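Everything below concerns the one structure shown next.
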Amino acid sequence: MTVPAIHIRQAVLTALQEDLGSGDITTQSLFPTPIPARAEIRAQEPLTLAGIALAKQVFRELDPQVRFPRSREDGDTVRPDAVILTCIGDGRCLLQGERTALNFLQHLSGIATLTAKLCQLIKGYPAIILDTRKTTPGLRVLEKWAVRLGGAKNHRHTLSEGFLIKDNHLALLRSRLSIEQACRLARQRAPHGLRISIEAESLRQVREALQGGADIILLDNMTPAMVQEAVALVGGRALIEVSGGVTVENVRQFAEAGADFISIGMLTHSAPAVNISMSIEPLRTRRSFR
Amino acid sequence: MTVPAIHIRQAVLTALQEDLGSGDITTQSLFPTPIPARAEIRAQEPLTLAGIALAKQVFRELDPQVRFPRSREDGDTVRPDAVILTCIGDGRCLLQGERTALNFLQHLSGIATLTAKLCQLIKGYPAIILDTRKTTPGLRVLEKWAVRLGGAKNHRHTLSEGFLIKDNHLALLRSRLSIEQACRLARQRAPHGLRISIEAESLRQVREALQGGADIILLDNMTPAMVQEAVALVGGRALIEVSGGVTVENVRQFAEAGADFISIGMLTHSAPAVNISMSIEPLRTRRSFR
Amino acid sequence: MTVPAIHIRQAVLTALQEDLGSGDITTQSLFPTPIPARAEIRAQEPLTLAGIALAKQVFRELDPQVRFPRSREDGDTVRPDAVILTCIGDGRCLLQGERTALNFLQHLSGIATLTAKLCQLIKGYPAIILDTRKTTPGLRVLEKWAVRLGGAKNHRHTLSEGFLIKDNHLALLRSRLSIEQACRLARQRAPHGLRISIEAESLRQVREALQGGADIILLDNMTPAMVQEAVALVGGRALIEVSGGVTVENVRQFAEAGADFISIGMLTHSAPAVNISMSIEPLRTRRSFR
Amino acid sequence: MTVPAIHIRQAVLTALQEDLGSGDITTQSLFPTPIPARAEIRAQEPLTLAGIALAKQVFRELDPQVRFPRSREDGDTVRPDAVILTCIGDGRCLLQGERTALNFLQHLSGIATLTAKLCQLIKGYPAIILDTRKTTPGLRVLEKWAVRLGGAKNHRHTLSEGFLIKDNHLALLRSRLSIEQACRLARQRAPHGLRISIEAESLRQVREALQGGADIILLDNMTPAMVQEAVALVGGRALIEVSGGVTVENVRQFAEAGADFISIGMLTHSAPAVNISMSIEPLRTRRSFR
Amino acid sequence: MTVPAIHIRQAVLTALQEDLGSGDITTQSLFPTPIPARAEIRAQEPLTLAGIALAKQVFRELDPQVRFPRSREDGDTVRPDAVILTCIGDGRCLLQGERTALNFLQHLSGIATLTAKLCQLIKGYPAIILDTRKTTPGLRVLEKWAVRLGGAKNHRHTLSEGFLIKDNHLALLRSRLSIEQACRLARQRAPHGLRISIEAESLRQVREALQGGADIILLDNMTPAMVQEAVALVGGRALIEVSGGVTVENVRQFAEAGADFISIGMLTHSAPAVNISMSIEPLRTRRSFR
Amino acid sequence: MTVPAIHIRQAVLTALQEDLGSGDITTQSLFPTPIPARAEIRAQEPLTLAGIALAKQVFRELDPQVRFPRSREDGDTVRPDAVILTCIGDGRCLLQGERTALNFLQHLSGIATLTAKLCQLIKGYPAIILDTRKTTPGLRVLEKWAVRLGGAKNHRHTLSEGFLIKDNHLALLRSRLSIEQACRLARQRAPHGLRISIEAESLRQVREALQGGADIILLDNMTPAMVQEAVALVGGRALIEVSGGVTVENVRQFAEAGADFISIGMLTHSAPAVNISMSIEPLRTRRSFR
């Protein structure tokens, strides 16, 4: 359930450079010397936590001696007003890292929280929720990690991790090949460790895909009723993935219709940020600082 | 209203590397040779366009000979089903760039569209809508560009572009300095080209900030009624910025209350993606290709 | 069958920086002004060509106006003494790029040539030759492209592109899980687009893997005789991949034994460079230069 | 005999990113929590060791708390089945780093081992074996370090580290300058800290180079008999370097012929990987882990 | 008064790579094993110190176990022959870092020393000395930090940190807008946290700028007498910045003339390096080493 | 006399990112649309030109369609008020690139101009002026190119390009080896293409160096009289390089004393910027623009 540490360090470095510019002039001007302080990061609403590893790295990058006496874990369900992370270090570094740490936490926890909500909605059905490649440019690995923390599974990360024939591939192919032929060609040319997925927009196409030996049939923009029909037609000979237009309102219907997988772009492209805030206070005695 | 070309090229390169991984195995397997094609990118809902410059760069990076016979401009207001961009080039490159181009367009146009909506809501009032530093890590320059395209203005991009004393600065200072003293210290130490902004959470603090000579007073998490009272108190001796809890529902009340600026985190951290799609079709004759 | 242009540009840039250091002092000292020249790159032995795209990019990076009036294609079979590439440009740039261009061509064509030889050896059998992750650090995408040019297929590029339970996974798991249980757990947790591969070192393990529902069974370090037995046992219920100790001498036996796939580390970690050289001559008349 | 730490860290980072992709899905799926383990890396054949510093850095990058209770040194001669490195750490990190660590060790030790073999073959003669710039793109500093570990010396790393007039420089010059004139021009323009080397393909050219004051004469593609004649002709007035077509079979003859230096491209472009493997086992008790 | 640690690490890494090339062949050749040593860095002339943080990072990057038993602070005034920094570590790393550490110290202390001298010259006047964007490419953040250490303040770091209408903006605008109109347009479009600065080359332009509501008027290339007149004209309604042709000889006259700010390009583009040297000696007993 | 184009592109990119920050707010605010313009860059004092290649690249990076109808060449001697470069393009891009282009030109031409002056001072003597490694961090390749443009030669660029035993090497060695022994050891271990240089601080050390077979003896901080004595002692058996304390005042004396090489740190660490300025004017008619 983890993400490579290299990605975390790189993302934090990029984000800090972006936020610091040539330096935090406000903090530098007001505090010429170190000032021992404690910061508390709190949830302002119920949420599924994602990004603690990044928030810690933000503060470590700025103050190698920062300590975290209390910390919740990525993936935890957190109640409003709960303390997510307590940091003790140079107050100037805490001030400088505040926005960057919160930006990671709010964005990624937003994704994890929405994902958890959708997973909850189809509880009891065998269907599994998947994300998509509709992610924010530059953050795919982190956003897909947040999706896993929320309880769903990842679709392919890159165009090299999965073999999926989409409508636009078919549009370019069709003058030459039928869907069935495309499936056979794919099986022959695809890497041997990958299953063949193909989009179908009608029952006729589902039938052709089955004849071509597709492993996974992706039903794009179908209604739950059409999905149910397709599931019956396939009868377990391929896996069924549903995609397009899935929302909080209708996700349960797609699960009921018998889909094996439900992939949802909204998880990563439209999850609103959750509300998380940070407060700082000076530490009374220098003794407790370092 | 433009964004440095260096940022666009770098963002596109990062995004393509992230999406391509070791290569688009589906497209490579199905199309061993170039295939002339036309792609059309269409709005699926009304929107304010942001990201055309990035979408074009995505396709240019993949196919240096791609052409764009029709294109709308960044900042345009677009109706549902309108063609945003037409691309003619090697269909394999169009397929490979599709997701990355759409990810930029959907995310940035989402921000521009929400911004335009909020600007529309306060039309007629002198208040100006601002964004914040609550942006997606790695995309700040682009997201703030989308905000400008939507009709609002940018708050500082980095911690070195503005001098803003926030609640957490005050918390660390207060044992030593009053708000008034903090403002005077700031004026003395801040870069000479910057105005001094300070957060105030009560009318008493507003008064202190005025006495300290603050240029801008940031009213954090106040109700419209409190804002109105603060505006009266200040009487034009400083600019008033409102922040915290501003939504589509209440933005007009804050404008009515007389704020000069209304800064809204939601613009960049919670704008949902707008729906934009791309279709590809083969070009009949090779003659029209290159 | 192509490799992303981004990889080619990046690899060439890295290689040129590595070779140029602070500048080619010999060439700079001897030739203070441009000198129109023609270079010919020739095969010194029979080979399968890989790297022309890189060689061209090397010269383009140094001299944006270089031309290539004659060029063979990546993947071509080339006879000794055949001209692979003719370049016309500033002789100083041709001299500076010579070693870097040849290093790419010799290394990658070495891999393609060895691969083609091995593919030839099993001609007539359905077995498919695969590479491995035993590549030279930093060159994986290019080396695997050379393997494809040689006629074989690629195994996974990265640890995220395939699900493969190896002996060391089993060693850590076994105190807790049987092979059968490991396969079931994998199926449940693996990305839905991937097949499950598992290593087996004995017929007993092959049986367990089958019961666990493995899609691909990787027979590690087995003799052709053992492979034949395993193939019989599996009877088509899973794909059979053979790995470990495969050489030019025995590859045909493994194909005969009925393996579906034969993965060979030597393709990328021990293919000797092929002999390719470059000669330069001045162009008589300035008129033919640019 | 060391290589800058900056190169090691950078090479390891690049290699790990290349191998991990978006993450090791197999290991992540099978082991949700840390699992204390011991790994042993063993030689499977006699070899001269190169790359231990890289292997350690691979594991440290993944698990900052990994320990190495036993380790051989780079440059050591190692017998088959000897333990090269023992690692104790989180088994998941050991699994993730295995291939990358082995790729460095097998490739670099392959170079060091071949180099040591060639040095051994000319033992007793004053000739010194050198490498060339025929290295794998991106790995020059590391490969040349492996050559030093094998007991030979390095030729120039970059085009700015040595002044060497090759056949292709002469081809472009010759219409204008004789070899003798080229040597004089070189001496005048070359950096003052560098000797002048020049390629000669015949005894006549050797004579011209001597008259021009060359410090080092590079005999390209000559037979041992021709080399002997050239050595006699030069009579100590310049250093003699032999290059081209040197193999395990004939290296001793070139040493016997009296060359001062024998430069061999094969050391870096065609050294086969040596066989090194890694086994992992769980640590019984959690007590011994951290 | 600090500079972000990220900038320091990045600058040191770049500088070391630039200086080490493929490795320090002299030191590697002479010292095959570690050699405990003490280095002392001394001022050879009176100076204001800038760059200690970089010098330490240089040695830490090369030898993670280096110690600094004695160190002066950045910003200190140092007498000739004073020890600035004592380092204890592997003598090979001290030798390798010597030049890079001294290059940073000599360049940045040169800037700080010149700045301190100029600040001293106007002591007693309210005028504040500023730097400019006339910095050495790649070193702006560090050079501006040295300026602060010398006692002056920074002008904007980047084109996004300040709003300044210069003569060339006016040249492009003037066919369309008066200075007064330009100021009004600027106020309307500039970020709300920034003051509006505008260049004026005559008293007439100063008057127009005042009417346009400029916050800061930049008097370019005026004599002290003209500045005095402008100050009288403005009468405190805007801040006055003087720029162009300011030297050690005339800076006091500009301060006397009543300017609020005096910006001086020479601080960063022409400050000569100060003389700082380093001596190394072996440590007698190994016991005191690590 | 050229510098690799890769260095130029990289240096310009770094410098532009450093100067633009998140964008040129002044220019963006005042000029919402392209504005055809002509810029002229002029020398304000006599100078030797260095950096034209960089200035052009700055404007090309910002406006790919910029044209340069008039341009002087790097290395040219330029009179005051002469036009160095005329640019025609979008005035907004000219404004944005102005400072970066001028920073390169002023800094590098400052170095070339000082170098040319020193070369002129020793005209008629065989001595050759060299630079050192005392360069501005990050700009070594460019600064050494400026030195060449000024008419001097380069000392080594990196620690791997020359073998030079300095006082601090000797300090660490001396407890073990004499200077003579150090020279012999160096000859044995140094790369074969490099000469051996060693520092000498007394005639006794010069004698030892000669006995050890040093190729170049570096006389550090000697007076011209001492240099003369050393030259006589050496009698042509080694090259003599003088270093330390060389100035415009005494350089001729060192040349007179018979040194072969005079290396001068001041060339790169203390050359003042030369005065170069840029003016922009709008182009009357749109027709002449693009």
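When the chains are written out, they are named A, B, C, D, E and F in that same order, and each has its own residue count from 1.
Here is the rule we go by: a contact is a pair of C-beta atoms (placed from the backbone, for glycine too) under 8 Å apart; a residue touches a chain by one contact, two chains touch by 3 or more.
Just so it is clear, the structure is predicted and the values come from calculations on it, not from any experiment.
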Open item on the list: According to the touch definition, list the chains common to the neighbour sets of subunit C and subunit E.
Closed with: A, B, D, F
Open item on the list: Looking at chain pairs E-F and B-C, which one is connected by more C-beta pairs in contact?
Closed with: E-F
Open item on the list: Under the over-half criterion for shared residue numbers, do copies subunit A and subunit D use the same patch or different patches to meet?
Closed with: different
TODO: Would you kindly tell me how far, in whole Å, the mean C-alpha position of subunit E lies from that of subunit B?
DONE: 33
Open item on the list: Centroid of subunit A to centroid of subunit F, CA atoms only: how many Å?
Closed with: 51
Task: Mean-CA-position distance for subunit E and subunit A (Å) - done: 43
- [ ] Any chance you could list the residues of subunit F touching two or more other chains?
- [x] 20-23, 140-141, 157-158, 160-164, 191, 194
Open item on the list: Which stretch or stretches of subunit F touch subunit D in the complex?
Closed with: 128, 130, 153-158, 160-164, 191-195, 197, 216, 239, 241, 260-261
Task: subunit D partner contacts - residues on subunit E that touch it in the complex - done: 13, 16-17, 20-23, 28, 32, 61-62
TODO: Using the touch rule from the top, collect the residues of subunit B that touch subunit A in their complex.
DONE: 11, 14-15, 18-27, 29-31, 35, 37, 91, 94-96, 98-100, 102-104, 106-107, 110, 133-141, 157-169, 171-173, 175, 182, 185-186, 189-191, 194, 265-266, 269-270, 272-273, 278-282
Task: Residue ranges of subunit C touching subunit B (in the complex, touch as defined) - done: 1-6, 140-141, 144, 157-158, 161
